[in-house]
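Read through the structures below before going on.
In the two assemblies presented below, chain A is common to both, partnered first by chain B and then by chain C.
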Partner chain A sequence: MPDETADPAVVAGLLTYQDAATVGAAARAVREGLAAHFAGVPTRMLIVDVGSTDGTVALVREAFGGAADVIEVAPHRSAADLLDVPYHGIPGKARALRAVLSTALDLKARACIVFDGGVRTLTGEWVASLARPILDDQLDFVSPFFSRPPFEGALTKGLVYPVIRALYGVRLHQPAAAEFACSSGLAGHWLRTDLWERSGAQAGIDIWLTTAAAAGDFRVAEVPLGVRAHGTRGEEALDLGATLAQVVGALFADMERHARVWHRSQTRVPVRRLPSPAEAVRPAAAAVDADRLVEAFRLGYRELRDIWTFVLPPRTIVELKKALDQPAREFRLADDLWARIVYDFAIGYRMRAVARDHLLRSLVPLYSGWLASYAGQVRDASPEEGDRRVEALAEAFENQKAYLIARWRWPERLRIG
Partner chain B sequence: MADEFNRALGLAGTRIVDSVGSFLPGALVFLSLLLVAFIVALLIRAGLRRGLTRLEFDRRAEGWGISASGLTPSGSAASLVASIAYWTVLILGLLLGLTALDAALPTQFAVSVLQYVPHLLAALVILVIGNLAARFLARAVLISAVNLGVQYARLFSVGVKWLVLIVAVAMALDHIGIGRTVLLLAFAITFGGVVLTIALAVGLGARDVVARALSRQLRAPTDDKLDHV
Partner chain C sequence: MRSPAWYQQAIIYELPVKSFFDSNGDGIGDFPGLIEKLDYIESLGVTCLWLLPFFPSPLRDDGYDIADYCQVHPSFGTLDDFRRFLEAAHDRGLRVVIELVLNHTSQEHEWFQRARRAPSGSSERNYYVWSETDTAYPDARIIFVDSEPSNWTWDHVAGAYYWHRFFHHQPDLNFDHPPVLQELLRVVDFWMEMGVDGFRLDAVAYLTEREGTACENLPQTHAILKTLRKHVDTRWPDRMLLAEANHGPAEVRAYFGDGDECHMAYHFPLMPRVFMALHVEDRQPIVDILRATPPIPDSCQWALFLRNHDELTLEMVDDDERDYMYLAYSADPQARLNVGIRRRLAPLMGNNRRRLELLNSLLFSLPGTPIVYYGDEIGMGDNLYLGDRNGVRTPMQWTNDRNAGFSRADPSRLYNPVVMDPVYGFQAVNVETQERDGASLLQWMRNLIGLRKLFPAFGVGGLTFIDAANHKVLAYVRDDGHDAILCVANLSRAVQPVELDLRAFAGSVPIEMLGYTEFPAIGPQPYFLTLGPYGFYWFELQQRDA
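Up next is the complex of A and B:
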């Protein structure tokens, strides 16, 4: 029996918000995981609720009331949280994460794991898979890799992952994942940065923590955890434009912040792909209406081209025009072209060429075009071929990094060309 | 006879000298004020041009939807702002100078114009803000409508833009007190007309589009359920 008064080796934080349907199973899975895989090691579980009104907290108290190893943490809340709906569905998430990390440091924990109380497929295995590398292999950051159908997480596969990989040389496939484990050293590093107070932190914190770890020379790893299914909240309440504006806006804001780091970064940061007892389950693929996506792209080209010309050079506009005439089933957007478009939008965001929210939302038709192209390429492909397609796209982003740096340094010079 | 003529001539000469003597200081002050205003205007124009160019005002103005093409030879928004400031200072200098001349009519004119200047400036500010708001909202509507798949997105965007512009112009004219009653009527008719036109356009012309958009919302297509992140 572990000593409950000793400093815990592992602290697991469970973030909850309106998760009455899932929180019971999720909390039990975490606690059982800690008990089963860290027997003899002091552990704590932190329950961090950000203002549920559906009885989430009462359910947790009912299940674990009085347990010495379960601590309830109440993060500071802001009135503005009620107005913002972040894509991940947890208002004030940055404050909640900060509370978890601060408490873990106060408890002198060697490893801190974070979970989302809305996840239905959370198992005790996840606890071990994420925390063991921190304790046993002295790693600093362990990110999960979930099995997802080809079109699920398309924004991550087609934009967030390739950009982060190109900028920092870090191959973390799901950099915006809500679950992660970190060492006390990395937690301290995060808490010392100013990213918690920055505008957009409540939505972009997951990405920022990953990039802060990537930019800070920490030892990172990725561990397969199987399938992640979560309840309804967040992204489903927002339209694609709002989701894209939040995610891509957070990424572009981070590019501004770490410009000096990624301008110099040319090396590939090793990311250990750890084995996991989780089976490589491939969930059923969701359908994508390619005709509708291509139609959205064509409508965007017709109506938003004037806005795009503020950030895209004429050569790119001409290439987009050429793509218009392709039939929906054969619609293709070259990887290089998509990479340059994303980079040009990042520069437009930095230069404030157009109001930032307008600029980000005007990216939606282009993203639809890319998604139609990607869907056409992986629709009948095996999961491995689908993964290879994503890797090929990420390589295109790496190849175009010189273009990004050149335009970032001399945006006016390249504006005309 | 000769003495009387000489006296009259002397008196006339004295009056002319007196008049010139009393007018000359005012004229000198007028010319000095004009010269100072000219120099200040030149300095302000040069300073604004340099400062705005350094701030990349032209590019930012384009981003805000402000285009100066056709208004200045270079099509530069920075030059336009600098020119407006230049002429404003010059005209203010001229009006101030007129008051120094101590002539009844020009002075009265200058004072009444100077009293009117704050209203004009306020109206100008209303117009500029209205123009910026119109362009911003038009762009926001255009992007949102395109992302919703509305084929006639530009129609909505242009409608919003003109609605805001009409309101801004009406407010500006009301502020400077031009034809209040006529303006109120004209505004009500125009505004009502624009709303009616849009209602008819949507109700008759774009009925199918609205129906399709609603059915799309109700149908909740498969790719809308995708978890993109």
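Up next is the complex of A and C:
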């Protein structure tokens, strides 16, 4: 049995909120993973609940009450957290993460892993896959790579991943995952930054932790973990506009903070893709209604083109106009065009060319157009072919980085007033 | 490598509260008005505000004649207004630097009123410098030659002469009397406790007097500054002291001490030489003065400016240079004041946009922290027919409405009339118009400030001049160990070719920074460039992987 009085080498934090249906299995998986893969190594499991009312906490206490290696951590909570509902459903997510990282540092842990108590597919293997590289290979940040059908996580594939890769040269394919592992050095770095207090931290914290690691001098890796399936927390799913505004807004807001870094980064930061015992699972692909997406794009062009002209140059508007007449199944937006659109929106966000929330929501039809185009290209593709399509898109974002930098440094005010 | 201090990376915006925005319609700008305009200041991208004196004062020297160090002049608001302003500025990430006039007070300050009535030799009397004659310290020059015949003025109440290096209504404090410094340290604590981020130390070279000297830059003055700095460092870390010492670079260097006096000091001699270089179309005046500038401690920084609230001082140039500058930049004798030229930047540049951009490119790329004088970001003009230096202290021009949008007061109530001439008047030059013009000077300045902030090398990098046969072109590299930035400026009104010796950077690829345009890689041969009239380039010299 591990020495429960010694400083733990590994601390695993389980964040919970209304997870009565899943938390028992998730907590057992984490604890068993720690025991199975870190035998003889002191470990702790932190349970951080952000205000469940469905008995989540009672279930955990019932299962682990009295266990010296299980610690309940109460994060500071704010009533505002409940009003600032993040898209991934844990109100006060930033405070909860901060509590986990602070406690891990206080316990002098060498590695800290974070899990979401709502995940149904969490296994003990995840614990080892995420934490081992921190302990054994002196890595600082290990991000998961979950098997996803081509259309799942499309916003990450079509925007978040390519932008972060182009800006920092870091190829983390799922850079805003709720699960990750970090070294004590990186945890300390994160805790010293002001990102916890920034406006929008509850929604943006996952992305911001990744970009802070990418912008710093930290060694990063990603590890395949199989399939991630999440239980429902009873809340209604946010519409695409709200989700996009939160995710993309957090990404754009972060760009200004690290501008000095990404204006200079020319090299690719090596990201190790670590082997994992997770089986290569091929989850079922969801259907995508290309007709509906293209119609949303066309409607957006009619209704929002005026807003777009505040941030998109005439050349781009003309190219979008040309795309209107394409049949839905043949609808295509060129990768470099989509990259420039995203970059121009980032600059418009920075310049406050239009009220930021309006600007972000006006991106939705353009994203729908890109998604229709992407769907048309990967409709019958294998996951590997789908991955190659995403890589080609990411290369287009890299190729257009000079376009972004030029306009970021010397913005052109297309329309004023 | 040590992280640069905030003041080494700052972009400072200088403004008089009275001139910025009047919130209560009394014709005088105030702190509530300034709070209303913080969004504008933040949008400029500047990181620090330097406020001209806002303390109770008879205002015979625009507030540098202070009657109470720890209050706000009622025309500008209250102490609570100042606190609200400070909090609002800090909320926006803006630092705030205020004035500390150490050298003198107003005649109306209670210390002087007490001193003139106190017995000779008493502590109260000794707060100031007294003499029974007006002949002591004869080697001290008169600074305000246009208005003051002597550095001594008779006080009939005291029955003695008192010493003043500036106006006769500004008696010099006596720093040989220890209670004086203790009083001023209490003033420092008062404002620092409130949260101000630094002090501009006005007229800091004149604190002490000794017979047989010019009474400037004396060792006793430096000892006082060391005491002040130690006091600040002990109680108020991360604050800044900025020395105003209008002297040559070697003398001003002493105000940094060994990093134990002032954090910053103005580089006064650079400014007239920049104007001189532009007019003679030759880089030599700039190169000479910067080569004559000694290195400063790592924790210190020069403060650079093109124009400020005073006249363009020509004290730091020789007689021939001064004559040239008067002829070149003040053909109208009305523009001359004391030993300088009382004009704003845009009129000095003949309202030539290219020249304005060129000078700002120098301000933002030469070694130091740039200071932008309010209104220069929109190319405001001046009014030569207002007395003293009031012509460059006119109301900020916000709109083309009444009073330039500065105040709702009757125009005749304004503390100064707004500029109304056809070229620089508020109908033609104002913030609102330039906000709506994507190609305006205001938008250009915002872009330049944003670009400068991306590169710490501009703040703390070393300076290396690059040799070129064409003297109309000034070229230098700023390098902080991370970034090397090549700056090339054409000081001439005609297109100029130039061959630069860049062998030290062979293999690097110059990336023109404004457009992020890649230029041919640097090789062993001279690097050839062509610059348009008053054109400038900033290049990032990128090392490329083999």
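Heads up, the rule we're going with is that the second predicted complex is superposed on the first by the 408 of 417 C-alpha atoms of A that agree within 3 Å, B and C clash if a C-alpha of one lies under 4 Å from a C-alpha of the other, contacts with A are read in each partner's own complex, and residues count from 1 in each chain.
Just so it is clear, a contact is a pair of C-beta atoms (placed from the backbone, for glycine too) under 8 Å apart; a residue touches a chain by one contact, two chains touch by 3 or more.
The structure displayed is predicted, hence computed values, not measured ones.
Shared-chain residue A:104: touches no atom of chain B or chain C. When the shared chain is aligned, no partner comes close enough to touch A:195: not chain B, not chain C.
By the touch criterion defined above, A:241 reaches chain B but does not reach chain C.
Applying the stated contact rule after C-alpha superposition, one finds that A:154 touches chain B and leaves chain C untouched. Residue contacts after overlaying the shared chain place A:96 against neither chain B nor chain C.
After overlaying the two complexes on the shared chain, residue contacts for A:287 are found with chain B alone; chain C is out of touch. Contacts of A:23 after superposition: neither chain B nor chain C is touched.
Common to the chain B and chain C interfaces on chain A is no residue. Contact residues on chain A toward chain B in their complex (touch as defined above): 87-88, 151-156, 160, 176, 235-236, 239-241, 243-244, 247, 286-289, 292-293, 295-296, 299-300, 303-304, 307, 310, 351-355, 358, 361-362, 364-365, 371.
Interface residues of chain B, counted against chain A in their complex, comprise 59-60, 62-64, 136, 139-140, 142-144, 146-149, 151, 153-154, 221-229.
Chain C contributes residues 435-438, 443, 447, 450-451, 454-456, 482-483, 513-517, 542, 544-545 to its touches with chain A in the complex. Against chain C, in their complex, chain A makes its touches with residues 259-260, 263-264, 266-267, 402, 405-406, 409-414, 416-417.
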